[in-house]
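Below you'll find the structures, each written out as structure tokens.
The same chain A turns up in both complexes below, where it pairs with chain B and then with chain C.
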Partner chain A sequence: MFTMIRRLTLLTLSLAALALLAGCPAKVTPVTPTPPQGVASGEPIKIGAILSVTGAAGAPLGTPEKNTALMVQDLINQAGGIQNRPVQVIVEDDQSDNTQAATAAKKLIESDKVCAVIGPSLSGTTLAVVDTFEKAEIPLISLAASVKITQPVKKWIFSTAQPDTIAVTRLYSYMKTQGLRKLGVIYDSNAFGKSGLEALQSQASSAGMEIVASESFESKDTDMTTQLTKLKGAQPEAIVCWGTNPGPAIVAKNVKTLQIKVPVFMSHGVSNQKFIELSGPAADGIIFPSGRILVASLLPETDQQKLVLLEYTKFYEEKYRQLPDHFGGHAWDAMRMLQQVMNVSGDEPAAIREGLETKIKDFVGISGIFSLSPTDHNGLTQDAFVMVTVKQGQWALAE
Partner chain B sequence: MSRGWGLVLFAVAALAFGLLVRGPYYLNIAVFICIHGLVALGLGLLMGGAGQISLGHAGFYGLGAYASAILTTRWGVNPWLAMGLGALATGLVAALVGMPTLRLRGHYLAMGTLGLGAIIQIVFNQADQITEGPSGITAIPYLSIAGLPLSTDHRFFFLVWPLLLGAMLLGGNLLDSRLGRALRALGENEGAAAAAGVDVPRAKLAVFVLSAVFASVAGSLYAHYLTYVSPSPFGFAFSIQLLVMVILGGEKSLWGPLVGAGVLTVLHQVLAGAAHQFPFFDGLETVAYGVILVLFLIFRPQGLAAPLRKPVSTSPPGPFPGAEREPVPQASSPAAEIAALPSDGSEPAAPGVKP
Partner chain C sequence: MEWSALVQYVLTGITQGAIYALLAVGFNLVYSATGIINFAQGEFVMLGGMLAVTCYSFLHLPLWLSAILPIGVVMLVGAGIHQLAIRPLRHAHLVTLIMATVGLSVALRGLAKVLWGADSYPLPAFSNVDPVALAGASVDPQSLWVMGVAAVTGTALTLFFRYSLTGRAMTACAARPLAACLAGIRVERMNMWAFALAGGVGAIAGAVLAPIALPSFDVGTSLALKGFCAAILGGIGNNAGALLGGLLVGLLESLGAGYISSGYKDAIAFLVLLIVLVLRPQGLLNVTMRRDES
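Our next item is the complex of A and B:
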């Protein structure tokens, strides 16, 4: 009897496992066999890309990043390649999985013999491959934002994503102009939310801010009224919500239901159309620091980045029939930086690394204006962010 | 072929692979096969030996990884010592969960470990004072032998495969020991085993703790190999993956879990590569997994590594001769098996014995 139960249980469990496997998103890594179209000829220059094209955590980031990397590859090749050689971007999907990212890194370095790599998409997958690239002495331009990636500075590791710390700096300096000082923080308990909380706390005193209460929620939670009621009880002058969709959208709705009247600020984690879709009218009036790509067309003509933002938007829309976002922007910046450096220095990894450190000055990108140096492998300042708000379901500049 | 020869063959194959292959990519895959194989081996002992299922082995794997990471980066503990301490702590945790649940008949251990796995994952994420939360712990030092740091894939491979071999020897010897015989008996019929003097809860607990320790050591190896840990690899999904490895390879054989780990790890890479050729078909890999699993459950539920035909000899090979006497016989589909069971719910008789 017992044996039979065991067998049946095993069978059921296996079926459950199967269901789980089947429920997982596809794990596909399309390589890019796009033939060079311009005058470029000869041996292609191989650039690797480790991106989270699939996997729940990374797919929303990895997909636009992959699209963008391949698009820039084509643009470079149409314009004659790099030093008259075509560029080939080899995309490896890490499935948002640290272990797979490490394997993908070794494959790109060993089998494909790439001269530089962009990605991975996530902070976790990036940190899992840092050691591999440091040892192999191949430059890596991460598209993820954790400050751990570029601080302390690692010789071969760069990043084109705006770190949370400068988003907080930007947010605080805006709040100061509004005379807000006491804030209640609600954050997602994932990596993004926690790192945001840390930055909010560590910069609070120097910015003259006071965090009167902080509450967390789980990424999958569907109701945050309890936490918000507690925050309300602490009587903050403003509420700051740090998280990625869908949590912040639920916070926005709950704030309206609870009739909390203080202004609500959020992070660049909601800087995408999905946020307006998810929160509906509740999004109105919420203010957050955002990369400029979201509001490219609203920027004044004097904005240095406007030209490149519109160029990127135009190409992306033509090719993929949808609007680009800041994640894709990180890939654009990484590819364009490599192009600029390799046009001068060729495809020697050491020369590329050297070039990134010394030649990328006032580089106008999608995520901001980069000035890399041996002590700063990210090179962005708080000017990489503008304050954005929502008015009647449309993005608008807050200042 | 006796088990000894199998192990020798494995050693020769691993040695040859290590000597011939230099590239980090293939070595990296081989290292992960060994690490996954070690966890799966422990889980296989538990599933095949004590007839119990753990849904929290990824948690034990994670405990080992985090113990190594925290002890070495925070307190500068020697990596080998950290590995030992991690294994000790994981064993204790397993004993605490196993003691109450293994006294009960049925699958309470599965429930207990399911909960434990979830708790461990939450602690990794939330106790950021110690675990650095979701962003994980970086710069974990390498293991080193006599001053030689195991910093390359090549050196590391030459650590993991002998370790795996040792674990297999240990597992094999365990199954031949008094405890092994007790497990075999209780796997057949707990009541009868208890009547024959087997301390059933204790035997089950022993194999469960051992299995958790294997997972913990594998976790420590993972941490020192990748030099980075974060909570995400140690979740429920990996527990299920381990279960699939054991089922695919065959829980009744010592080799099964290792074969399962190898097949699943390689298949993962092959299918990811094949997907390059079929960019128009997004779900190729997932579909292939599904098909393979369904085919296995229908046509070969005993797993890859089990002997092809049921041997007629009185002492069948494989670590669990007793288990071979299950009514799997000629008919290999589960339906036929169930049909072969007596309808009055009594224990099925051994083949050749008239009830």
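Our next item is the complex of A and C:
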């Protein structure tokens, strides 16, 4: 009997682990591209898109990205296409899975013969296809944020997402203006949180910051009071929480319960309406670096990006009846960059790559103002972020 | 600071422990009646939480009704699972049945993802009052709800098994299915009740936990693992053990995170589980529980 229980325990633990790994099956959704409208004629220019339209990790990113890519395709075609040729975006769903992303890359390169590809949506899926594109010599504009994608620079790989590192730079320079120097860090133990911690640690000394304590939590944890009590004990001047929903919302609530009075900063991982919804009143006063799309209407008229942000918002809302987000913005930037380059250089992959490196200067996009160069394939600076806070359940600019 | 930190760790540990205890009681219910470890128990909790959120935020029912209604629904789900998936396999090996519950768990999670997407959802706290201060530490009022509900549920189930006819019949099925059957107890029906009750207990845990945990389709998996851990630690099938096991796992986690490292808090809890299993394979409170293994 007892050995039975022991065996059952081992068996069931391993089964549970299996069940965790198995995840949810995702369905295959081949996307028929909208037929080009407008005056463009001739052989279509084929642009590939590898996006996580399904799959738990990527669906919230891949869905707005797909919507945006197809929307920009239509906008380009209505305006006469590129060099009088219609654009055709071929969307492949990688189901948030590295192997599927690799398969999609091969299909787009070998059978669809696309001239450039946007995506994948996630850092993991992007890194899984980087070599394929380097070998095939097809330009890839990733929509994912890991610094590993563009550093060190790879000849054919670009990215339109703001990397964590510049979010940290922006956060630190804001904290400095507030005279805050000693910080306690609490981070999600997933890839996003860990890479945030690395960036916070590596930039601390040069920014004159000191991390007095750092604590982690699991993505599915339901209570972070222990970690926060520990941080409180280290007497930081500010607390920084790096994670994606729902963890930071629980941290925000626990901070209120523990009556921690120091200011709480978070990452761009909470730059979405869901965070306010989950945290309720506990969100008030939390400050974080965010891309501008979240606060587009609040920006001063002098903001260079305001025009394009409002344009994107208008088109997206009209077409999909919901507000656009950062992820869709990455797709907008990638598509518009390709359009600008191909209008001049045509659809030869080598010419597109060359054009991206040399012609994208002060490009006003959704995620920031891009200046690409042979040594910088992302081209964003800390100005891509604004500091945002929550006041009575509404977004507000922190400065 | 030092003392108040300790008090805070202990309070957090007890709150988490109460949740694990509720999970463990759910495992016990099904195990005592059928010998099965029901790995869909975490999904019962998830369903309880998600249904409570749905009733409150989408159907705009009052909060108390939103917390109670899912109990009935998830009991039906539990009974349905037994009738559709477990009962047809009643002649299969125990391991097959456990595999079936793992399958059910994945299926329920998939279904929930289709219904609710991958997002988390909020539910307001049951009592809208300020945190309670205690010896330099503070407790969220919802944590008190969790502890109270766990205590009441545990007591009610113990009384049910000890004094009600149905409860005693279920105990009889667990001890000697054949003898129970000869005594006129409908074993299959009792097993169905066990699944239904496990569903109900899961839903209670899910609803009371929702304001704290912000449920999503996959919130049940890690809870189930911890709850299972608590059940084994206390001695599976033993409800007092479930409570003890739950509190131990919760406290170990919290104190481990507080005094050793938050990165290893799960590892610490599971390490203790392994040590206890080696030293006391029957669990902390079980002495002589045996059942037919035919």
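Please note the rule applied: the second predicted complex is superposed on the first by the 371 of 399 C-alpha atoms of A that agree within 3 Å, B and C clash if a C-alpha of one lies under 4 Å from a C-alpha of the other, contacts with A are read in each partner's own complex, and residues count from 1 in each chain.
Criterion: a contact is a pair of C-beta atoms (placed from the backbone, for glycine too) under 8 Å apart; a residue touches a chain by one contact, two chains touch by 3 or more.
The structure displayed is predicted, hence computed values, not measured ones.
Once chain A of one complex is fitted onto chain A of the other, the partner contacts of A:Val130 are limited to chain B, with no touch recorded for chain C. In the superposition on chain A, A:Leu258 makes contact with chain C only, while chain B stays out of contact range. Residue contacts after overlaying the shared chain place A:Thr99 against chain B, while chain C stays out of touching range. In the overlay built on the shared chain, the residue A:Ser111 is in contact with chain B alone; chain C does not reach it. Judged by the touch definition given at the top, the superposed model places A:Lys306 against neither chain B nor chain C. Residue contacts after overlaying the shared chain place A:Ser189 against chain B and chain C alike. Shared interface residues of chain A, touching chain B in one complex and chain C in the other, are 1-6, 9, 11, 13, 15-16, 18, 20, 22, 24-25, 189. Of all residues in chain A, only 1-6, 8-9, 11-13, 15-16, 18-20, 22, 24-25, 56, 59-60, 189, 215-218, 220, 222-223, 225-227, 229-230, 232-233, 245-246, 249-250, 253-254, 256-259, 274, 277-280 touch chain C in the complex they form. For chain A in complex with chain B, the touching residues are 1-7, 9-11, 13-18, 20-22, 24-31, 57, 93, 96-100, 102-103, 106-107, 109-111, 123-124, 127-128, 130-131, 135, 146, 148, 189-191, 194-195.
Across the interface of their complex, chain A is touched by residues 1-2, 5, 8-9, 11-13, 15-16, 19, 37, 39, 95, 98-99, 102, 105-106, 109-110, 113, 117-122, 124, 131, 137-140, 209, 212-214, 216, 218-219, 221-225, 228, 232, 236, 253-254, 257-258, 262-263, 265-266, 277, 281-283, 289-291, 293 of chain C.
Interface of chain B with chain A (complex): residues 23-25, 28-29, 32, 47, 51, 53, 105-107, 110, 125-126, 128, 133-136, 138, 151-153, 188-190, 226-228, 230, 232-233, 237, 240, 243-244, 247, 251, 268-269, 271-273, 275-276, 279, 282-286, 289-290, 293-294, 297, 301, 326, 334, 337-338, 341, 345-348.
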